[in-house]
Structure formats: C-alpha cells, structure tokens
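Two complexes are shown next, each including chain A; its partner changes from chain B in the first to chain C in the second.
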Partner chain A sequence: MHDIDPNWAWQVFEPTAERPWDRALAAHLFRRAGFAADPTTLDAALTQSPTTVIEELLRANVEPSQFRTTADQLAETVLAGGEAKRLSAAWVYRLVNAPSQLLEKMTLFWHGHFATGAEKVTDARLMWQQNQLLRQYALGNFPALVHGISQDPAMLIYLDSVANRKAHPNENFARELMELFCLGEGNYSERDVQELARCFTGWEIKNKQFRKNKYQQDTGEKTVLGQSGAFDGEEGVRCVLEQPSVERFLASKWYRFFIADEPAPSAELLQPLADEFRKHDLQVAPALQFLLQSNLFFSSHAIGRHIKSPVEFIVGMLRGLQATASADLISKGLIRLGQGLFYPPNVKGWDGGRTWINSSTLLGRSNLLADLLAHESTRFAGDSLSAYLKELGIDGPQQAIEHYESTLLAARLSDEMRGELCRAFPKAAGGDEPAARELLHAVLSLPLSQLG
Partner chain B sequence: MTKGSLMVFINTNRRQFLRSSIGGATAIGIGSHIPACFTHAAENSKRARENILVVVQMSGGNDGLNTLIPFADPDYKAARPKLGFSAAEVLKCTDSLGFHPSMSGLHGLLEAGDLAVVQGVGYDNPNRSHFEAMDIWHTCRRKQEPRPDGWLGRYLDTQASGSGGDVLALHLGQEQQPFAVNSQSVRVPTVRELTEFQLRGQHREQLCELLSSSADEKQAVALRSSTSVSMKESPSDNDLLAFLESSTTAALAASERVSEAVQGYKSDITYPTSELGQKLRIVAQLIDAGLTTKIYYVQLDGFDTHSQQAQTHSILLKQWSEAVSALIQDLKSHDHDQRVCVMSFSEFGRRVAENASEGTDHGAAGPMFVSGGKVAAGIVGESPSLTDLQDGDLKHHTDFRQVYATVLHDWLGVDPTPILGGQYATLPLFKNQVASAS
Partner chain C sequence: MLQQLSTERMGLSTRIGLFCGLMLSCGLLRADDGVQQDRSAPELLPESVVAVAEIPKLGAIADTLWDHPLRQRLLELPVYKATLQSKDFKQFQQGVNAFESAMGEPWLPALTRLTDGGVTLALSVSQGPGITVLIRSSDQNALEKFRDFILAIRLLSGKGKLVQQAEYRGLTAHALNDDAKMVLLDHYLLLTNQSELGKAIVDRYLDPGQSTLQTNERYQQTLAMRNSTHPALAGEESPRVATAFLDLQSLRQAGVAKEVYHERSGNYFGELLLGGLLTTVRHAPCADVQLQLSSSAVGLHLATEHQRGWEPPREYTFGAPELGVAPPLLTIPNRLFALSAHRDLSQMWLRAGELLTENAEEQLAQADTQLVTLLSGHDFGEDILGSFGSDVRIVAQVQDFADRLPRPAIQLPSFAFEFQMKDASESQTELRRIFQSFIGFINVTGATNGMPPFDLGMEAADGAQYYTATYVPNRDQQKNAAAPINFNFSPTIAFVNDRFIVSSTTALARELVQSPTKIESQPAGEETEPATHPVNTSAVLDAEPLRSILQLNKSHLIANNMLEQGHTQEEAAAEIGLLLELVEYLRQADLRLDFNDGRMEFDFELKLAK
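Let's look at the complex of A and B:
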C-alpha cells in the first residue's frame, strides 16, 4: 500500500469520463456508507454529485421521529418479554428499514467498537439503553460517546467494573478504554493502566444505574499518560482523549471498515484522515465526509476490497431488492454466521475481513439465504420475486443476473459463470417463482457475492 | 494408488454421500459428471496412522495458581485469603502440589500415567492484553514483527500436498477461527454445528456444482479479469476473492467428509454435556472414522475471572477436566490413544494476589497440560516462586515455545526451528520420542 499517494488519496473525488458517477459507483457508496440501495435510490443519487449524496447521508444523523416511534415501540414490546435474544430482532428491523442508512451503519460500527455482550450483561433493557447511546452519538461527538460509555451500566457490567474500590482498583475497564476504545495496544504502559484504574475508583453500578461512591474514591495524585493530578474518572478519560493516538486509532479502524479490509494502510496514508478528525475536535461526521468523498474511497483500492459482514450480506440483499423477511429468522441466523447483534465474540468486537469466512459460515450464508427464500413471509416490494422483477421490466435469467450484479455485487460475474447460471436456472425470471428464488440463491452463494 | 482405483473410490464415496445426505429418490437423474466438491474426499490411507494433536485453548487467562495449587506454600494462602484452597481440599499430585478440587478427571489421567503438567510457562516481557497475549501464543511473534500466519499454520504449510486428502486441520466451535491455524497455503475449516455443515435447499446438487466451478482456478481468473468498471483497473489480483474461492472449495470438501464420517459412531464413554465435551466427542468420532486430519482445535472461553472467581473457575475447570479425560478414555477404548496428544494452554495466568472483587487480574506465567497415551506423565519443572515476582505476577522459567518445539519435533516429527522462528530446547514430555520425520 506504500504506493498510494496520500495527496491524491484524500482529494475530493471528481467523476471523469473514465470513472463516471454511475450506478456501479453509487451502489459501492451505498454498500459501504449503508447496506445497499434499490435502483430508484441509486438513480436519484446519480442526479446529484457524490459529495452532495454523502452530505445528505451524514446530515441524517437523527432518526425521523415517526420511524423512531415505530422502531422504539417494537423494541419495547420485545423488552417486555425481557429476552435479550429477541432484542436483536428489534435491531434487525431498524437495520432493514431505517431511512438513515449511515446512522445505522455507524451504530453497528460502534457496537463492534464498544463491544458489549448480552450473554454476560443478561439485562436486555441495559443492552437497549447502550444501543440508543451508540445511535445518539453515532455521527456525533466522539468524546461525548466515550464519556457516556464509561458510565454505561451494560459496559461496566460487561467489564466486571460494577464496583471499583480504592483498596484494589479493578484494571479491566481502564485497560480496555485505552487498548480497545481509544488508543490501541502499545500506546500506553502497564503503569498507565494501574493509574487510570485509580481514577475510576468509586464508580459503580447500583440498581442498574451508574453512581459515584465518594467513600471508595482514591483522591490521591495519579499520573496518566504523562499528566499528573488528583484525577477522577472524567479527568482520566480526558487525559486519554487528548492523546494523538486517538485520531490515528479511529482512522485506522474506519479505513478498515469503510475502505479496505487489507492491506493495512501506511501511517503516512492514514495521517490526513486522523488530522481531519482531530481538527474537528473528534467530531465523527466531518471525518467520515473526508473519507467517503475521497479519491481513495471511489478507487480500485476500495471497490471489492471488503468481505461483507453477515449483517451487510443479509441486510444488503434485503435493502437492495426492497425486500422484507422475518426479523427473528435473520437475527438467529446472524448468530450462526458469527455476527449476533448484542452478542459480539468478546470486548474486542468483530475482527472482520477474512475472519468472517470459514467453511461453516460460508455454508451458513448460503443456508440462511435458502431459509429466507423458502419462507413465505419474504417479500420483494410486497410482492413475489418474479413479480418484482417483472415490475422492473426484467425478463429472463440473464437480465436478472445483471440486475443482481448492479445492485448487490462489487463486480460483474464472468461470462462463463453467467452462462452456467442461465443453463442451471433457465426458467428464472420467467414468472416461475421457485426458479427465480433459486437463481438469486445461487448468485448470492458465489464467492464473488461475499465481496462488498 | 492408480488412477483407476481412485475413480472407483470416488464413485463409491459419492454414492455413500448421496445415500446418506440426499436420499435415493432425489439422487436419480443426476448426471455422470462428478462435481469437484466430491473428489476431494480421496483418502490418503497412509496418513490415518500418523500422530494427531488436539489443542484446547482456555481463553481469558486461566488462573494457573488455582489450577495446579502450591497448597503447602504459606505465601499461597497469604496471597489468596479468600480464593485459596487448603491441603485438605486439593487433589494431591505431590507433597506440595495439588489440583483444584473440581479436576478429578485430569487427576485420574495423571495417576494413570497419561498427563504431564509443565509449570511456569510464559515468555519474556509478558503482555497482559488478552488479544495481544493470545496473538503472541498463536503466532510466536511480537506485535512489531510481521504476523501473516500462526505457528500451526506454518506447520500445516510443511504438510500441504498438492491435491486431495482430508483437511489437514479442523477448528470446532462457534467462535472465530484461532490465528494459530492461519496458514499461507491451507484453509482450515471451522465446524460450528454438524447439522449446519451441509448445503441446504432444493437444488443443492446444482449449487454444489456451480460453487465448485466458481472456485475452479480457470473460472477464478476469468472472474478477476471481469469487465466491470470496478475491477478493470485493479492494481493486482483481488486476494480476497482468491481467498473466498479457496475457502469455498475447502468448505464443500470438508462438509462432505465430515458429515459422512460422523455417522454410526458408537462409544461406551459418556461425554459431559458441556459444549467442550460435545466438541471433543466429535473429535473422537472423526479420528475413529479415519480422517487424516492432523490438528484439531477447540476453545473453552470464560477464564477472565476479574470478580467472584470461585464458582466460575470451578465450573470451567470441571468442564475442561471432564471433557479432556473423556476424550482420552474414549480414544483408549478405540485404540487411538497412542497417536493422539491433547495440549491445553491459556494466554496468561493471573495475578498472584487476589483483588477486592474476589477475583484476580491479568497475570503472566502459568501451567500447560499435555495428555495422551504416549505422554511421559508427571509434573515438569519447578513451581514458580510466589515472592520473587514481576509486577505482582509469576515469573516463567520455561518458554511456551519449548513446549511447542517438543510437540513439533517429538510428536509431529518436523523441524521446529523455522516454524517457531528460533531454536528452543525441548522438554521430556513424551515416552519415546520417535515420531518419524516425514
């Protein structure tokens, strides 16, 4: 990656005759800055410049109130049952239906970043509160989000930090705050962990609520990352957030999330993105604008250089084809594919990239699709798949394949593969519903379809 | 094996597969062309008698001090006023050491001569991050060095043959695949649940063929040079796509072989119902079915006991101890125990002094456990001092790569030096160190 020129990389992308602002590029933008867009949305985007489309995606940083009310009501219904497993179905509803795709995508990013597992927290409502916190700041103020998460009951339960006594401070939260949330491993010392842990003494969770117990607070002087003072928890967090590793750490995670799984970018390439984040006082939206509108984002260094996460794979298919399906079926399926919502593998979250893929998850992706497509509740713009394709004027397997390529895939299939698909499913898109679904299933089971 | 006999074998094998997983009626009408996914089952029977390594990863940082307990040391009781065990409680191994009371299974293995415990295992400048420490154990490399693969992955690279055969290594479990098995040339399958490990759908035959041909090399080249805007000006091949294609091939091959192998296994041994117990039962089934897989990898998570450690730790140790001992018993009854070795490790031990939450924080050195019929049983190495500490943690006297080197050289029969990136003295862990270098 050393051969990418940072100056070129972060300049604003201007469409050219060779690289026009077309459906393929717009579909790439929506796959990364969201999950996928249907043809109408893509065509609407093409009437505006890429930068304007990105600005609009970022401006939608709060859910429209009507949608929010519906989605929250659904969550409340689930919470009444108290079962965390069903809560993930409520989030699936948002992922599939949210008008503000980037907001939802970033909420998912923060869930992986501030990973907290319902298995240990067990209280579904606390998990839901955390999810709302992540959504509130998803495109907003990173320091506010870090301060919020430092006092978040679900997080502190997850990291065994419901009690922090001055005699033996618990180091777990202090360590993860620096290692996984803000700085990255290697950018602090073991001494910093111990000193920062002293700052958090007296912070505890009682009756599911955060509170400060002044009797357990270590009021002595601490030295955290080179700063000394009789710091409390808030000041400890401030010391961490003032480190320049913060912007570099987040820039590298966003690079991987939005641009390419691999190879890892050079420090030189990342620095302008990091600087942009710091320049805007660690506000998320300006940094993402800088990233998404760049030459790099719309280049071959980014397109097809990402393995879809299970959520991107399934939700993308649904959004791209204006489909709805059983949220329960999806949320259970996502657990088997390695991305159970509210069930990250550990506090480090999902590693992503190649780690999504193994024999079980590859077969599992195909099988979950088979289950969804076999289920009668799965509809496409409220209709059958064959009727949906017909409505779009798509006739025959060849055209159906092209449609799937342009909305869902990062690249086109080879002519040989198209030929094989057409031979295997000759009746697809001729009004034969089972054949249409089988063809879609086959296309999305291909290795190429796992790239996003 | 001649080409002719190989074809006969594949045909038989394919018929078995169709009978077992699709059913006679649907199998009628499938053409004579054999999809690539069925041909990978060609068995290399020579390998079926080679040594096998089962790795059990205890994730989260196992409290070694409460696993192999220096009950006679007064400093132990002082460091563990609430969490410590008394001489009367432990399962005695020697005059001064005993197992945690819930480890009767492993205690039985030790007494039967099937278990070795290596004390004080660690490495210089120990890292106390779960993830970084685990990466060090998995790759034998520090963060500053390039880490494209794991130590077992590098071993697999030495074993990779051009074609056919069973998968060389298998990871069983819900969790992410361990970095240790990342290899340059071999895709290690992960099996989460056996019932999920086959393609579903009405048209799975067609799908299987399509996926096989899509993963076929010629097709892949065509795919990569496809005419789309996106890929046209790619600076190089898309490595991720190549990875997805080879993973698909591996998945189809492993799926067929594994589903076939686990049918009709009988054992008199009752495995614990825990997840680990069930995973190790599958390992025994696959070994007994003659799979030539050389490495099995399983994990047991939850050892990160920062608070209220006593009960959690006891449950975990019981699950681990019972599952491993059931596996060894089962292998014995099927006459495989002489060629299987089970190695258990954790990314670090825990701090010597307990914390105020009746738990323990991240530490450094800890014990490793090696079991099997060929193991030279006993406690290996000195007990680390409880007073000469490093930042409150036990100091190691044995590098974990010494244990790896022993397993690689004396058990798997390969030269450990290039795999581990240095020379490490081996330990007396096996009865007769005869594994033939292949």
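Let's look at the complex of A and C:
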C-alpha cells in the first residue's frame, strides 16, 4: 500500500479504452456505495459518466417521503407490538427496498461506528430513534451527528451514562467519544478523558429523554485537548471535533469500508481524503464523493478487496436480482451470522474484514441463502427465478452464471469452475425452478462470492 | 388420419374428444353386458374395506357451489382474476375442456349425469393401502365416455404407449399404470390402485351372496347410528352431501394415522379441548361422518360409540359419576369468541404425567414450579384450580377504543375466564391475594423493561367485588392514539356470588358480571346460541366482530405481511384485503362435543353470510 501514489490515487477516475466504464465497474460502484444494482440500473448508469452516477447517489440524501412513510409504518407496527428483536426486520425491509442505496449503506456504517446494542438498551423505540438520527445525518454534517449522538438516549443508556453527576463524572462516554467515535487511540490523554467527562456532568436521561440537570453541571474551568474554559458538553464536543485526528480517523474507517479491508493504507495515502473532509467542514458527502470518484476506488486496489458483511451479502443478492424475501427470516439469519441489526457485539461495532469469514460463518451464509431460496415468499421481480431469468433473455446455466458474475460478483469465475457448475445444473435457467435456485445457491456459496 | 390427430397444434381437448370418438367408432372399447344393476356400492365392496365415503349426488354439490352467491363474489376478487391467468389454472381449464369434449356436453350436466348414482371411495388395508373409486350412473353411455376420456388422458400422458388390457372373468380391465386399473361394470365404473381389491369387487358383482361391506357388523352399527341422527344445519333441513364409515378398530390395527392414537398429547391446549374426543376415538370400533351442505352453511358431524370404561385417565373431560355438562355460552355485545366446557382443570393439571408427552409435561412442571413461587407456596393445580368447579367458560370481545385514550396502536380483543368457586368464602381471599401478588410481580419485571406500572384498585358494584389493575400512562402517553400494546390490558378479577371472573380488562369483567340480565334482554333477531341442548363442549366464533378487529388493525396486518412475506405495500394490501373480504362471507363458526346415550357426537358448522 505504501507504493500507491496519493496524487494518482485521488484523481478523478476517467474511463479509457483500456479501462472503460463498463458493467463490471458500475456493479463495483453499486456494491460498495450501496449493496448491488439490477441490470436495468446498471445499464442506466452506463449511459452517464461515473461522476454523474456518484453525484446522483450522494444527492439522494433524504428518503422519498412516500417510501419513508411506508418504512416508518413498518417500524411503528413492530414498536406497537413491543417485539424489540423484530425491529431489525423493519430495517431489513428498508435496506432491501430503499431507493437511496448510499444513504442506507452509510446508515449501516454509522450503526457500526456509533455501535449501540438493543440487548442492553431494551427499549426498541429508543433504538429506532437513534437509527433515524443516523439516517438523518448519514450523508450530512458529521459534527451535528456527533452532537446528536452525544445526547441520544439509546447511546447514553448503552454506555451506562444515564446520570453524570459533578461529584462523580462518568468517563465512559467521554472516552468512547474520543477513542471510538472521533479521534482513535493515541490521540488523547487520560487527563483529556477526565476533563471531557466533567463537561458532560449534568447530562442525564430521565423518562427516556435527554435533559440537562443544571444542579449537577460542573461549571468550573476544564482543559480539553489543549483548550481551556468553563466548557459544557456541547463545547466539549466542539473541542474534540476541532482536532485534526477527526478527519484522519474517519478517512481511515471509510477507506476500510469502501476501498479495501487490508492492507492498512499509509498516512500519506489517506491525508488527501482527510483534508477533503476537513475542507468541507466535516461534511460527509463531499468526502465520500472524493473517495468514490477516485482512481483508487475503481482500481484493482479496491475491486474484490473487501469481504462482504452478512448484510452486504444477503441484501446485495436480493437487490442485484430484484428479489424480495421475508424480512423476518433475513433479520433472524443475520443475527446467526453475527451481524444482527441493532445487535452489534460491543461498543466497537463489527470488526469486519476477515473476521466475517470462518468455516462456521461460511456454512451459515450458505444455509441462510438456502433457507431464503427455499422459502415461498422469495420472489424475483415478483416471479420465480426461472421466469425472471427468462424475462432477461437468459437461457441455460452458462448465461445464468454470467449474469450472476456481472451483477453480484467482484470477479469472474474460472472456466473450470464455470464448467463444473454447468455440468452440475444443466437444467438451470431452462424453466426448471428448483435447478435455477440450486445453481444460484451454488454460485453464491463459492468463496469468491463473499468478496465485494 | 392418425398422423393428423397427433399434430401438436391440436388442443388437448380436441385431441381427447376425437380420440374417444375414434375408439368408440372402431369398437375398440366395448362395455360388457351388465348382469347386476341394482346393487349399492357397499354390496359390492368386500368386508375388508375399512373406510368408505359415499357421495350420493356429486352433481348436486357442484350445482350448489356453482350457483352460490358467494361464488359470484369470489369471481370478482382480484386474486381470482389473477388465478385465471396462472399456468396451473390454464392447465386445469384445458382438462375441463377436454372432459367436456369427451362427454359431449358442458361439464356440470356431464358430471351430474355421470354421477347420478353416486360416487363411492373406499380404502382397504388388508393387502397394503388399496383405494377404490366406484362411480355409478344411470346412463351407461356416460360411463363409457368417461372411461374413454380417462384412457385418452392415459394414452397422451404415456406418450403413445398402449394401454394394457386384461380379462378377468369375462370383463375387460384396463391398466392405467402398474397399479391403477379400471373396469366397467354396467352402471358402475370401477377404478382401483390394487388388483386384488378390484377382483374382490368384481367377484361380488358377479357372485352375489358373498360377504360384503353391507354385511359388515361395524358398518351396520354405523348405519344404525347414522339413521338415528340427522343433525340440522343452521336450523334448517339440509341434505347429507357425503357420508363416511370408518372402521376405527381395523385402521388402528393397520397403523393408519398413528399419531391420532397416541395416548399422550404434546399440546396442552389441544389436550384440554379435544382430549376427550381423541380418547374415545382411540377405543371406538367405528365412526360415522356426515358432511352437510346448504346455500348458507357447511356442517361436519362425527359420531362414535362411547363407553364410560374408556375414559381413564381423562375423567377430567367427562365428569363423574354423571357425565358433565357445559354451562351455557357467555353472551355479551361484540362477542368475538366463546367457549364453554365441562373440564376438571385441577384433575387435568395433577394427572398431566399420564396425559402429556414427556416434553409437554416437563414444560408444565417448570411452569408449576414457577407458579408455586408466585403463589406464595400454594400449589396451582391442587389449591387454585382445585377451588373451582368443572364449569369453564372463556369469552373474547372486541374492545371499543373509540372514545378512549391512550388508544393502543394494535387493538387486541379482551378475553376472560369464568369459573364457579366451590367455596366462595374460602377461595375469595386467597384468589385476591394471588392476583395482587401477580400484578406486583408484573410491575417489578415490567419496570426493568421500561413498562409503565399497574395501578391496583378495588371497588364494589353490581353486587360484585372488583379488583382492578390499570396502566397509568405517563404524561406524554395520556393522549396517545398509537400507544404501546400493553394499553390493551387492565387485568381484573371479579367475585359475584360463587362466580369468579378473570378478565384481561375491567370493562369485560363488568360486562360479564352484568351478562345474565343481558341474556334475558337479548333483542329478537340476534344470533341464537348454537348449543340448544346440554353438551360437553361448545364454542362459537362470530365473524362480524372478527371482521371488525381485523379492520381496526388493517394497517398493522399489512405491515406485518410486508415483513413476513417481503411483499410491497400494494401486494400486502391486496392480500389483507382478500382476507377481509373472505371473512365478510362468513357469519359464524360453531363447534359442539357431546357424550350421551353411549355415544360421542362432534359437530362443526360454518355459517355463511346471507
């Protein structure tokens, strides 16, 4: 990674004859800046430049009101029923059907970043409110998001910070704010934690709502990250956000989320992205545009260098094949695969990368896929898989495999593997529904299919 | 010509019609001269037959269904229109066309003519499962056409492979496949999957005087039982459209439907409701089943012999020394469901080890242990259930939230249990204390999950003593029209004389306390209660309140459908809309179980909207 030239890396990608803007690159863009795109969306994208497509993805930073109403109604139904665990199904529906893919992908990113678990919070409505907050600022103003999360009841309950008294400042939230949310390890001292915790005194959750208790506010002078004053919580957050580590920390996380799990990038390579983020006053969208339209993003350093998370794997399959399935079934399956929505493993969120894959989770992915494909509710553009493939003019296993490669996979299968699959499922895509589903299952269970 | 017939452009129906015509004209298929025309199917079936279903007028059933106003309304449903476009339906329609072409007239008159002597289905297990269908028609020509239609279908599906023929005692049998055989016996067309069974029928057809089902003692016993009962359907004379005889003893010995004969049940509530029925079926030698159909109702009647010696260990269902009788069903406005039964719940709980499977009993034992803690050391089965008589009544009602806030987003029906206390003065204090402990327990566990607490209350009214528990909404929930689901509940117990009522809401408890007067003042024209004579168990489900509660929760049902099925909002709305429309066609469902005069009778009736 050290030998990548930052100047080349962050230049805007311009398609050439050798590296044209084709289906493979468009599919890569949608897999990373979303979950996957169906053939129609991919073909439409190819009629525009990559930059225009990215701008459109970023412009869709608010859900269309009709979709939002429908999706919120699902969540409200779950909340009215009091089944906290089922809340993740309502989010799954959004992930699969949301018109704004990047917005939903970033909401998922922030959920892992500001990890909060429903197991501890227990109040599903608070979890849902936090989810709405993450979505509201997913592509927006990072400082506003940090201020919002600092007063978010679910977050403060999760970090045992429902009461912060001046006699005993609670250091939990102050520590995580710097270590996990804004600066990263090594960019603050223990003294900063103690002083920042003093800023948050008087902040508490009462009756499931955030409030400031002026009687518990430490009004004395504090020194946080080199700045001194009689800071309150908001000013404490401001001090943190003014640190240059903020942009470097976020740039590093986005690199891992959007470009490659490993190897870790050099500081020099990341700095232009960090600078872009700061230059736009920590607005998320401009930084993501800088990243997504770069040579680096469309290069071999990025393509196929990311292991799909369970959500990316399942939602990607559904979106790429215009499929719909039981959100309940998916949400339960995601919990088994270690990425239960609203159930991150701890405050650090999901580690991602290679930790997604081991012999057990690989089998788990295959089993969940088999369950989905066997379930009566799973349909492709409202029809059977064989009818869907037929509608696309796909005939025979060879063409079906090519279709899956171009929409769902980061790389082509070897000729040998393709031959084996064709021999194993000769009737797939010939109108034989079980065979079509078996072939899809076989393709997506391959190790190569786990790469995004 | 044959080459022309096999052209692929020719429709299935045309091909079959022409094929049949050709076969007949060539004299390839010839019906044998009849020798016996007046014998009923049971007189032809061997004694070894263990189950028989007789449908005397299949055409009349089809006619009733075809002309029913419900069918016209179903035809207008979008889902039906979509079904018309499906591949499966098109194949079915092709089959119907082929049938009409072969029979030379529309399917309904053709079916009526073909089956005017009745259709009989029989099962034999003496040499493995053997199924026989006997179609009797007064029009032999119709039977021949139908036989040729089947042969044509067989020939086409066999890709031209010839149908095997064999002679048996001068009659021609056609082999439809390795097992299935078909023979024309004058006015009967016989189809069977077992050659030996087919031969036995032919033997009886040709040689009267052999033992037959008609001479079977259990069959005669069943006929006697059938002739002594003719359950009225929805209060009107209605035809038995189908009857069935089940030789339960032989079926048990053959291991058919083994799970029915398990002595232990895995389902506590199933055991509670139908344990008595199943225990009788496990002993009874035979059963009579009757299906009734009219334009306004469908009914199912099951009757078997019942002996008191068969009851152990399920005496809790039957009562002793006399057979127990259920109290009348509870009647209240907006009633959704009611069940009334004679059940000694204490006895059932204490004898669970003999009634339930190991797993079910284990779960019950765990619940029992937890209840002992909650009940301050009292035994749930012995002390609590033991303080009640064997009259059990359950009722559910649609709640009216129109003028009430907070209003839950999901509106559930309220429900209540009513028992008779054996000794009211002794039980009342204990039951009240248990209720208060229970509410305290709910409050403690609820508080850890952020639920609002219950406020306990007590009042005397209508000659009853009420103990209530009401959720106290916090300030921002007081005017909430989409409150959490727990606002459906205000648990209440009420004591009135020796009646003990446990209700999910205070309002329902009040209704029940006042219910005896309401029964008396029931306006004329309202739904009459299904059980007009004493029975062991009676239940009723009213469709109007069901429709109302589904309608109230329509948006949530749609949302649930979207989450469960992954449907779009439009698809989910269509599916739930269909459900609501179907419920609109129903009026009431009744269930009755009775043990009397050495007999068990079970009735289920579904009444349709007028």
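In the analysis below, the second predicted complex is superposed on the first by the 452 of 452 C-alpha atoms of A that agree within 3 Å, B and C clash if a C-alpha of one lies under 4 Å from a C-alpha of the other, contacts with A are read in each partner's own complex, and residues count from 1 in each chain.
Heads up, the rule we're going with is that contacts are C-beta pairs under 8 Å (C-beta built on N, C-alpha and C of every residue); 3 or more make two chains touch, one makes a residue touch a chain.
Being a predicted model, the structure only gives us computed values, none of them experimental.
Once the complexes are laid over each other on chain A, chain B and chain C both fit without any clash.
In the superposition on chain A, A:S326 contacts chain C only, with no contact to chain B.
In the superposed model, A:V96 lies in contact with chain C only, and not with chain B. Once chain A of one complex is fitted onto chain A of the other, the partner contacts of A:T40 are absent, as it touches neither chain B nor chain C.
Once chain A of one complex is fitted onto chain A of the other, the partner contacts of A:T355 are limited to chain B, with no touch recorded for chain C.
Once the two complexes are laid over each other on the shared chain, residue contacts for A:S377 go to chain C alone; chain B is not touched. Measured by the number of chain A residues touched, the leading partner among chain B and chain C is B. When the two complexes are laid over each other on chain A, the CA centres of chain B and chain C sit 80 degrees apart as seen from the CA centre of chain A, to the nearest 10. Of all Cα pairs spanning chain B and chain C in the superposition, the closest are 13 Å apart.
Residue overlap on chain A between the chain B contacts of one complex and the chain C contacts of the other is empty. Within the complex formed with chain C, the residues of chain A that make contact are 70, 73-74, 76-82, 86, 89-90, 93, 96-97, 122-123, 207-208, 324-328, 377-379, 382.
On the side of chain C, the complex with chain A involves touching residues 408-410, 449-450, 474, 482, 484-486, 555-556, 559-560, 562-569, 571. Those residues of chain A whose C-beta lies close enough to touch chain B in the complex are 3, 19, 22, 24-25, 28, 159-160, 162-163, 165, 167-168, 170-172, 175, 179, 185-186, 190, 193, 261-262, 300-301, 303-307, 336, 338, 345-346, 348, 351, 353-355, 357-364, 366-367, 370-371, 374, 405, 410-417, 420-421, 424-425, 434, 438, 441-442, 445-448, 450-451.
Of all residues in chain B, those touching chain A in their complex are 127-132, 143, 171, 175-177, 187-193, 196-203, 206-207, 209-211, 213-215, 219, 222-223, 226-235, 238-241, 243-245, 247-248, 250-251, 254-255, 301, 304, 306-307, 355-357, 359, 361-362, 391.
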